[in-house]
Structures are given as structure tokens and as C-alpha cells.
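Please read through the structure below; I'll follow up with questions.
By letter and in written order, the chains are A, B, C and D; residue numbering begins at 1 in each of them.
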Amino acid sequence: MCASQENSSNSNSESNDANENSVSRPNSPIPAITSAEEILENYGANFKILECNSQVAELLTIIRDKNTTRSDFKFYADRLIRLVIEESLNQLPYSDCSVETPTGAIYEGLKYRSGNCGVSIIRSGEAMEQGLRDCCRSIRIGKILVESDSDTHVARVVYARFPDDIARRQVLLMYPIMSTGNTAVNAVNVLKEHGVPESSIILSNLFCTPIAAKTVVTAFPKLKILTSELHPVAPNHFGQKYFGTD
Amino acid sequence: MCASQENSSNSNSESNDANENSVSRPNSPIPAITSAEEILENYGANFKILECNSQVAELLTIIRDKNTTRSDFKFYADRLIRLVIEESLNQLPYSDCSVETPTGAIYEGLKYRSGNCGVSIIRSGEAMEQGLRDCCRSIRIGKILVESDSDTHVARVVYARFPDDIARRQVLLMYPIMSTGNTAVNAVNVLKEHGVPESSIILSNLFCTPIAAKTVVTAFPKLKILTSELHPVAPNHFGQKYFGTD
Amino acid sequence: MCASQENSSNSNSESNDANENSVSRPNSPIPAITSAEEILENYGANFKILECNSQVAELLTIIRDKNTTRSDFKFYADRLIRLVIEESLNQLPYSDCSVETPTGAIYEGLKYRSGNCGVSIIRSGEAMEQGLRDCCRSIRIGKILVESDSDTHVARVVYARFPDDIARRQVLLMYPIMSTGNTAVNAVNVLKEHGVPESSIILSNLFCTPIAAKTVVTAFPKLKILTSELHPVAPNHFGQKYFGTD
Amino acid sequence: MCASQENSSNSNSESNDANENSVSRPNSPIPAITSAEEILENYGANFKILECNSQVAELLTIIRDKNTTRSDFKFYADRLIRLVIEESLNQLPYSDCSVETPTGAIYEGLKYRSGNCGVSIIRSGEAMEQGLRDCCRSIRIGKILVESDSDTHVARVVYARFPDDIARRQVLLMYPIMSTGNTAVNAVNVLKEHGVPESSIILSNLFCTPIAAKTVVTAFPKLKILTSELHPVAPNHFGQKYFGTD
């Protein structure tokens, strides 16, 4: 349920996302889950999939189900987002530290380095902002809007707001649905133009197609990517259903 | 940081919890983490520890640190609680199911069986109620108050409110700090008296001493237990700091 | 909808709350709203009713409706609770202050005095804790459990946890349903025994009968009371429906 | 604190919002509060200011204070937003209804008509989305991005996403800071182009200058406007401080 082998069916379906084209597989059963070895071999060590336990599988199922109400869709998407954000934060650099407990004992622990921020890709990425805020109180969250010309397919950045010192920060780039990977590639390029090193970016994603995964890891081998499902069909209705708008 | 070998120091410190006595180890470093094999051997297959990744280690560190402000304490405790609740829900029974996606494809997924509820042990267990509600919309949450006679140490149930059909439900019993395990044992006994099978109870816990773990798994071999740290010293200031009261 | 004249029907119905007896009026229409003058005359200046605008009226209607689902019930009860908490906080003492704005201007404003806390009466009062936390970050929240002997009707305090310096604090006492007022009277007495002056207590309530209002204002003329509806019938199913337990 | 007379000082300060120019009044005290009569006379019956009780005054003070931390700023801004959203929802059309209570009584209440939605103006308006969601579960929320040419000052709509049936809905247009009113005017024009009647739009705002108020009510006499403070200086740092970005 959480990862599946690439599949040859490739009839195009309409996408809700300007830069993304999904691959639909009407009524075909989902193939066996790709092994960790295959994922490592195909996408490298920086591409990670959230451990697919039964809770995650249930959340994916509810989000996929066309009969899920909008209210439930948002509730369960938010739960999945929270898990992906937690695991994304887990990729951040940390260092050892010692603290003193109330009873005077020394506790050997960990602390994260400060200087993180979030950047959401408008529009579906904005669905992940609250999950990040719920984990990192008062974290700075920038955003970016990329649109592609409907004729030339050339993407351009329409709007961007970042923390002014973003070049010195670790960046959690949030974008839940990747069908082709083009939008994410454009967004990462903008971050790099603003001086953020590729290795300082973690791309937090919910649903990723094998094509998108290949596109992104090929373009940015040092980028870290975390998703909750690798599957030939991305749920392109995500933003529309989550926000209730076109 | 998340699990440590039992340790011989055993001077008693004052506890905030009527039935719990903590073992303090002033200024002694924390020993090496107990291996998964040792945990399995000592506490059985139903005793599980949340995977101690760097995020979890950081949360544990913040909660342990005596210099953490109350506001931060609550914020980070709530994050740890959420992770423990998610992993506890992961222990619930489920079954396979197929759903149809908006594009007409069939998605092979999972669904949980209905009929779960929560029960919090007053007082510190109540800190975990919101985390459960944030995962399970409108789940029924009962509660139980156990107090022990200060002379005889005999525990008695002062107050209990449960869903009326609790005997037919899976029960998430919430109690964050276990120093001796006595309070949890009393609460499980009350649930059993109300007809809940031992195997239908999942005890969600944050901090557990080896003594408490041994006590509870010995008393109830079919009970499932999930904790985030097995450590000789439980942070007995938890409830006081979380709620800001005696 | 938000306040109504006292009504002569007084057949007793079963109550879910040990110390409260409700007055049921099967199928009788609700009488006209009591005027502000009548309320002042009957209950004094310290008894206040939340302004009954159309939002509040809608929330009251949803909570009253027996066909409301548990999920909706909790959602809309939480909204009403938030409004009552905000208005209760509005009763706290404050002082004038001047602050400097980012452009260097002086802004003449207000600030509240520090040293507030919450106390919830178990069990229904606990439904109001989250609303208070959402308004006052990391506020200390104590709790109290009062039970009455089923034969003698003598009430006794079974359990109480307060901030240690509660005598010097303003106290928001939370209890949503008052049918007879006995439970609230007992709780206020306990606070007074702990040294809290009557005038430092604000009783936050959602539904209050005229009998309960009279009982409480007579017992404690200096206590401040805020409710959202004065009505002969209190929705005694509140706690049961909110928490989903007996 | 919540409303003040227009003031003659008008030196321009830099604004964070493309279409808004603020009027700064370094170190000048704030003049007396404008009376309800003056507001009605100057801005008409559709322009409303949230009742300025002491809670609201405190929230305004914290938001104005340049020494407020980002974490506190967001927390208290969210509280003010919630109050403004509640009062905005209060402007929606409703009708009488009767419901049956659990004891069989008839309760005469109110219900709102369905078919509402939210639209936030990027970027600061997005700060109000969560407050709306917390009041209206799974409400549809569209958004709009307006930018003005830095040379010609001609505004254009860069991005817009609405519910497809927005013309038949009541629309809560969210934009917290109005210095000139230009951005809001552009956004309302876009909504009207999408078929939304002026009288179906409620503009939810936190801080409004007299100039902006005049501009908007003159352009759209049937539009309903709700703000929490009418003041010659709008806190133009709002979006920057709330989101932590440029």
C-alpha cells in the first residue's frame, strides 16, 4: 500500500495541478510493494519512504477512497501530514547534549540545531503548514507559487516570500503530491537561487510517482526527500478536496 | 536515551504520584541502551518501545531538562504524546479492504475495526486525552481515579466513568509515568472487572521504569504496553509541570 | 433562546450529574426572554449572561438538539466554550499601559494582571479546560471532584489538585451545567477553604437554571458568574454526550 | 484603543504590503476613541467594529507592542482572529428553527443557512484561515493573490482559486490589515467578476485605517465590513511577524 513497483500503464488523466500530469491505471490492481533494496537502488539513499505500518496504510486508504467526505479527508490527511512532518524533522542535523533533571541526575540527550524554516509550495503545500507549526512552535514559513505557461510549459515563479536569512537555514519544502516532479524541481531551483544549498533542503511529500521520484533525485542528488507512498498514481484531487475549491 | 539497562542505584526520591516511588540516580551517567533482544527476553513480545529516532530523543531530552519552561514542557510533551498515541493505535486490529479512487482505480488498503475507546488514569493520564482526540475524532474517553491508603498502601478506585459497552471495545489506557506500576495494575484490574478482556487493552505510556515494566507484564501477560522510554528514573514531576498544580 | 423566564413546570427528570436535578418541561414552548433588568434585579450585578447574538443562539440550538451527532456536539460545544472563556477572561482585573509600536509610536493599551489559574469541576468542567488553554498559554489548571452521598445528599470533596499559591490567584472555576447549583456551591466552598477570596473567583458556566442561579448568587454574593443561557431546563446529557461515557 | 479619530499626521512609512501605504505617527499619543455615532455617520451601517472590551484591548496592545515575541504575537493574533471570525459569522443570514431536546421538550432556536465559504487574500489573509476552520468544520476556503505594478500602481490578480459555485455562496473575505484599502477593493472586484453579489460578501479585518474604511465603503456600499480596530496607523508588520518572512 505504501510503495509499489513502477507500472507500464500510462494513459494520461486530467490533473488539478498545472505542472503535474498523473498516470492513471483504471481498475488495475496495485502491484507488490517495492522492496527497500529496489528503492535504494533506483532513487538513492536520500529518498525515504515513511515506514508503512497499519496506521499509515489506513490513512492512505481513507485519502484514496473517493467516498471519503471532505471533513474526514481533511482530518485524516492532517494526521498523515503530521507523521510526515515528524519524520522530516527527524532528518535535520542534531548534536548530543547533557541536561540536568529535576532530581539532579544528568540525562544524556539530543538537541536539534536552530535555524530551520518551512517553505510551502502554493497551493497544496499549504495544507502542510499547520502540521509543521504544530511541531515547531513559531517556525518561520515562507511560500512560493510556480506556474507554467500553458503553451510552452515553461515554469516561472509568480510569487515567493522567504525568511531573509534563508540561505543559512535548513529548509523543509512542503508539497504533498508529485506526479511529474516538475513543480518541485522549479521550487528547489528557486531556493538554490536564493543561496540555499541543495543539501540543506528536505522535501516533505505525501504521494510520489516513480517518475517524479526519478526526476527529482536525478536533478538534485543531495536533496533529501521524504514521502509516505511511492505509487504510479498520485491522488491529484488532493488540493481540490482538502481546500474545497477548484 | 530511549531505553537503558536497569541500574543498581536505588535511593528513593519523593514522588508526586501517590502510588509511585521513583528511583533517583543523582549525577550518575545513563548506561547503554538495552537491546531489543534483552527487552523481548525480559518483558515479552507485548511490551514495546517507540522507535527512538533523533526526534524522539530530542523530545525526551526537553521533557527531562529541569530548565525547560512550563510552556515548552507542555508543547513538547504533547508532541511526544501524539507519537505514542499514533503508535498505540497502530496496535489495534484491522482488516484488509478495497476502495475505489476518484479515477476509478481500485486501491487495496486497510481499515481499522470500529469500537475503540480511551480511558485516562487521573491525573497525569488526562494529559494524553487531547492527543487521542486529535487522532480519533469524537472517540469516547472514560476515566478512572485510583488512590492508595497512605497507611496500608491498599489502592482503591475512587471514581470511574466508562462507555457503557466498554466490555466490547478495544481500550487505550492512558498513563504517562510508571515508576512502580501499581496504579496501572489497579486500573487494569478495574477494566477487567468491567468485563474488558486483558488482550483488548493497550497501555499507552511515556516513561516506564524496568521495575514497573516487570510488574505490569507479570500481572497481565496479554496486555499490550507501549512506552517511549524504559529508564530507571521516571520524570515524576510530569503531572505537576504539565498542569502547573500540586 | 439565551435566557427565559422561570417556569412553573417542575417534574423531575433523571440527571447525569450526581448533585444536580433537572427540571423537565416536556413539549412546552420556551417562554419569552428575561430582560436584562429582571436578571439584574433577581441575580445581582455579578451574574452575567453572554450576549445572545445569532451565532450564540445557533450554538445553543445545536447543543440542545437531540439529533446532533456526538462529533458535531463536541465541535459546537467547544465553540461555545471558547466564547464563554473569552468573556470570562474579560472579567479579570487589568490596568492601563503604554507600549511602543515598531514604527516608534506610543500605543495606549491594556494589560491583564498576572496570577490567574483555572479549576475544573470533574467531570463536565473538564470539557472547558482546552478552551482555557487555547486562550491562556500554559495557564495552570487545577481540578476538583465533589460527590454527594446518595442517601444523605451530603456532598464531600473526593479529590482536589490546585496550584500551591491558589490563594493569591484569580480563579476561573469551570462547570458547564448547573441545575441545582449544589456542586458549584461545594466547589466554591473548597476554594474558600484554600484561602481564595470569593471575589477572586469567576464561575464560567454554559447552561444555568434560574434555581441554580439563585442558589449560587445567594450563597456567594461576591462571586462573579458568567453563563451563556439561563433556562429552566439544563441539558443534563452534556457530559455524557461530550465525553461519550456514562 | 479600538477606534480613534482620524489624525492629520501623514508621513509615509515603508509598507510590507505591496498595495498598502501606512501612515506613521512617531511618538504621538493616540486620540480619543471615535463614537459609534461618528462611525455610523462616516462609514455607514455596514461598517462594524468588534466591541472593544478589555480582552480585545489587551490583544490589540500585545499585537501593537514591538517587544512582543513572534511566538506570543502569533498566539494572541490567533485569539483576536478567532473573535473577529466569530463576529463575522454572526453577520450571516439565518432563520428560526425548532429542535427537540433529549427530554422531549421543544427548543426554539436558530440555524444558519448553508452555502458559506471563505476567501483569503494572500498573504496576510491566510493567517485567518485556521480561525475560520476552527469555527466552520470543513468550510471551503479559496484564495486570491493581487499584486500592483510598482511603477503604474495598477493592480492585477495574479492567482485565484475559488469554490466553483462561489456565485451562490456567502463569502467571508479575509484580510487583516487595511492601510489604503486598495488590495481589498481589488479582491472584491474579482469576487464580483465571479458573480458574487456585493451584499453576499463580508470583509473580515483586524486593523483598518480611516482612509481604507472610507475607500472600501465608498466603493462597495453593500459590502459588510467587520474590523477590530479603526486607527490611523495599521500594524503593517503583521504578515512579516506572523509568518516570520519578508
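Heads up, the rule we're going with is that a residue touches a chain if its C-beta (ideal position, glycine included) is under 8 Å from a C-beta of that chain, and two chains touch if they have at least 3 such contacts.
Protein names from UniProt, one per chain: A, B, C, D = Uracil phosphoribosyltransferase homolog.
Just so it is clear, the model here is predicted, and its values are computed rather than measured.
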{"item": "Mutual neighbours - chains that touch chain B and chain C alike", "value": "none"}
{"item": "Distance-maximising chain from chain C - centres being C-alpha averages", "value": "A"}
{"item": "Between chain D and chain A, distance of the C-alpha-averaged centres to the nearest whole Å", "value": "32"}
{"item": "Whole-Å gap between the CA centroids of chain A and chain C", "value": "44"}
{"item": "Per-residue multi-chain contacts in chain A, two or more chains", "value": "137"}
{"item": "Pairwise touch network: line, ring, star, complete, or other", "value": "ring"}
{"item": "Chain B to chain C touching residues, read off their complex", "value": "69-71, 74, 117, 122-123, 126, 130, 137-143, 145, 147, 158-159, 161-164, 243-246"}
{"item": "Footprint of chain A on chain B - complex, ascending", "value": "1, 13, 22, 24-30, 53-55, 57-58, 60-61, 64-67, 75, 79, 82-83, 86-87, 89-90, 92, 94, 97, 99-112, 134-135, 137, 233, 235, 237"}
